[in-house]
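Please read the structure below before turning to the comments.
Chains: A, B and C, in written order; residue numbering restarts at 1 for each.
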Amino acid sequence: MNFDVVLNNLPYLLWGAWPQGPIGGAALTVWLSLLSGVASAVIGLVLGIWLYMSRGAVHSVLILFLGFFRAIPVLMLIFWTYFLLPVVLGFSVPELTTVVCALALIGGAYLAHSVAAGLRSVGGGQWEAGISLGLGRWRVLWLIVLPQSLRRMAPSFVNQWISLIKDTSLAYVIGVPELSFVATQVNNRAMVYPAEIFLFVAFVYFVICGVLDLVATAIAGEAEPEARTRSV
Amino acid sequence: MSLAAFGLAPIYVEWLLWGFAVTLLLSASACVAATLGGVLLCAARISPLAVLHVPARIYLGVFRNTPLLVQIFFWYFAGSAIFPTPLLDWFNNPHTVVLGFGGQTWLSFRLPSFEFWAGFTALTFYTTAFIAEEFRAGLRAVPAGQREGGLSLGLSPALVFFLVVVPQAARHAFAPLLGQYMNAVKNSSLTMAIGVAELSYASRQVETETFQTFEAFGIATVLYILAVAVIEGTGELVQRRREKKYGRGALS
Amino acid sequence: MKLGALVLLAAVFVGGAAHADRLDDIKKAGVLRVAAFDSNPPFGYVDEKSRQIVGLDVDYAKAFADKLGVKLELRPTNPANRIPLLTSGNVDLVLANFTITEERAKQVDFSVPYFSSGQQFLAKKGVLKSPDQLNSLRIGADKGTTNEIVLRRDFPGATIISYDDTPFAFTALRNGNVQAITQDGPKLVGLLANVPDKENYEIPEFTISNDYIGVGIPKGEKRLVEFVNETLTELETAGKAQAIYDAWFGPDTKTPLPRLFKIGDKQTN
């Protein structure tokens, strides 16, 4: 093992060509994760509440919509949004936006089901109590049911974010210079130190995701540790 | 589906179907291996012996918290340093397996090459970690009363575990396990990065030759959704049968 | 529902989208977006010290941006992404060792050629002597290259394994997963020059096709094509094309190759 190759390329692996060029490497991975993490949480909450409150045809369409994003591989969705959506829209979508959109939609689709399940887990008595106080359905949801279920949903959110961080590595297929992509560039140039380079990269992801993993376990606390909803 | 689907020449549809076959083979074999591995890993993780549960915790931490893509690159690029040379030579020289009797060939097929095995290894090690945790969650979902009930009947702790806890845990873990199988099908797409000729790889090849990007990605996407839907449908079917057998609410 | 959505997408696709002249857009935006290789010295690779993409293709890209008086923005690409990058409008030009072919010319426009090369092979010493052997070998190629297509067409017996980029294919060769890899000769020369144990490998003399390399331009951008062609011709007349070549393939470089082709020797359009 010769980790000189990692040391020599450390700035490139950590922040890419910045400040002479765009930010990249691990810094971009964190940035992409933050953006798609927030976006997926918003999408997951909105669609999850909608899933819980809707009935009939709307509900079925929503299930199908979510099903599509849960069934399509992330790689395929990135191809679709990056190469084909611009042809449809008539203008190009920047690659960072593409990746954030794809990850947020997929993460959001998974979270929507967790949110709906969390809402369902709140007992019917809470609803009855709220309604007997004269509150409307949405106010009961907002004031009584949602706050109680958020705690239960928290582990799903953190686990989904861990998946998102790992999924940002797929941005490599469209040349986004995040950590995995710059690592393949360095590996392509050095050629003889693949084990060192990829072990280092794995370590960086491990540190980022591991911290979140500990947070997830802590939040789950005495409550049942929920299995991770999805993985890539 | 007609072979000339979406206006794509039959030969290219054939490429995509071959790719789909590789996707199914790769993910199915990885699922089988990962389920077995998951049982062992889960057993190690819940073991009271530190010599078992400490390595299991490390394994889970490492394989769940690093991207599959990086793991695939690691196995593939560093594979030559990790796998022993004879095994590597064997992987690299394509082998033809001939099954037959009395000089007659019944079935002959080529064993997959190194990139397939690297992809299989990566996908299996990764999926094993997730499946083990689903099993563990299943075990924890069995109410403590069940165990106590078994013990009070005079059964030994081991018998209680295997006769009372495991069957119930298996039922709890069934749906999440299928979820992991679906993930494995989707995750197998990442092996295209190391040249495994699976569905995503085939779709890019068809795109290269025909430039019919929409058709190539369209058919590939539909096939992935089909595979995932079949797994989901199987799950629903099994669940419904169980409900019939045991009555609704008995399980969930 | 999903099929319906696909059909809808396809319908919009056929309908097409109107856009203004790309050359004007570039000037207005003040940025020329060019896709270049990031792992293929000396055409395009990330320089270890400056952490920027540099190379022969990049020098040409700089010349275009300078003449337009705009900023150059480089996007790293692998071979397979070159055409989708153009058709989706994510870049204005592709300068990435892009071989001109009739099939590709239906999807994108090409400039006059600015480089010429032949498809060759790289193998461990003594393995590959003549083209006849190709039919019985496992050969690594790059996804989305003409090399892959030519090999499949002319050597149906060869087992082809395609990778995202040439260094990936080379790793497969090093590990023994394939017995040879194929690419344009100069690209292989550039690769071999940077291999730490280059004495174990060789590039056999023979070529199986002759390729002309051009600038990839979005389809139907007449004025942009004219601008690129004009600039290329000017670069040749002013001796700048020679200077760019010498900087990467001249006698004092790691990859000395005689310059047999000059811009203007062959008109494809």
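Observations
One rule holds in what follows: a residue touches a chain if its C-beta (ideal position, glycine included) is under 8 Å from a C-beta of that chain, and two chains touch if they have at least 3 such contacts.
Quick caveat, the model's predicted, so the values are computed rather than measured.
Taking the mean Cα position of each chain as its centre, C sits at the greatest distance from chain B.
Taking A-C and A-B together, the pair of chains sharing more C-beta contacts is A-B. Centre-to-centre spacing of chain A and chain C amounts to 34 Å, using the average Cα coordinate of each chain.
Our note on geometry: chain A versus chain B, Cα centroid distance of 22 Å, whole angstroms. Within chain A, the positions touching two or more other chains are listed as 68, 83-84, 173, 184, 187, 194.
In chain B, 77, 193, 213-214, 221, 225 are the positions where the chain touches two or more neighbouring chains simultaneously.
Within chain C, the positions touching two or more other chains are listed as 2, 9, 13, 84, 87, 168, 171, 174.
Interface of chain B with chain C (complex): residues 76-77, 79-80, 88-89, 91-92, 94, 113-115, 193-195, 197, 201, 204-205, 207-209, 211, 213-214, 218, 221-222, 225. The touching residues of chain C, when paired with chain B in their complex, are 2-3, 6, 9-10, 13, 80, 83-84, 87, 103-104, 106-107, 138, 140, 143-145, 148-149, 159, 161-164, 168, 171-172, 174-177. Considering their complex, residues 67-68, 70-76, 79-80, 83-84, 162, 166-167, 169-170, 172-173, 180, 183-184, 187, 194-195, 198-199, 201-202, 205-206, 209-210, 213, 224-232 of chain A touch chain B. Chain C makes touch with chain A in their complex at residues 1-2, 9, 12-13, 17-19, 38-39, 41, 45-46, 48, 50-52, 75-78, 81, 84-85, 87-90, 165, 167-168, 170-171, 174, 194-197.
Chain A meets chain C in the complex at residues 8-9, 11-12, 16-17, 20-21, 61, 64, 68, 82-93, 95, 173-175, 177, 181, 184-189, 191-192, 194.
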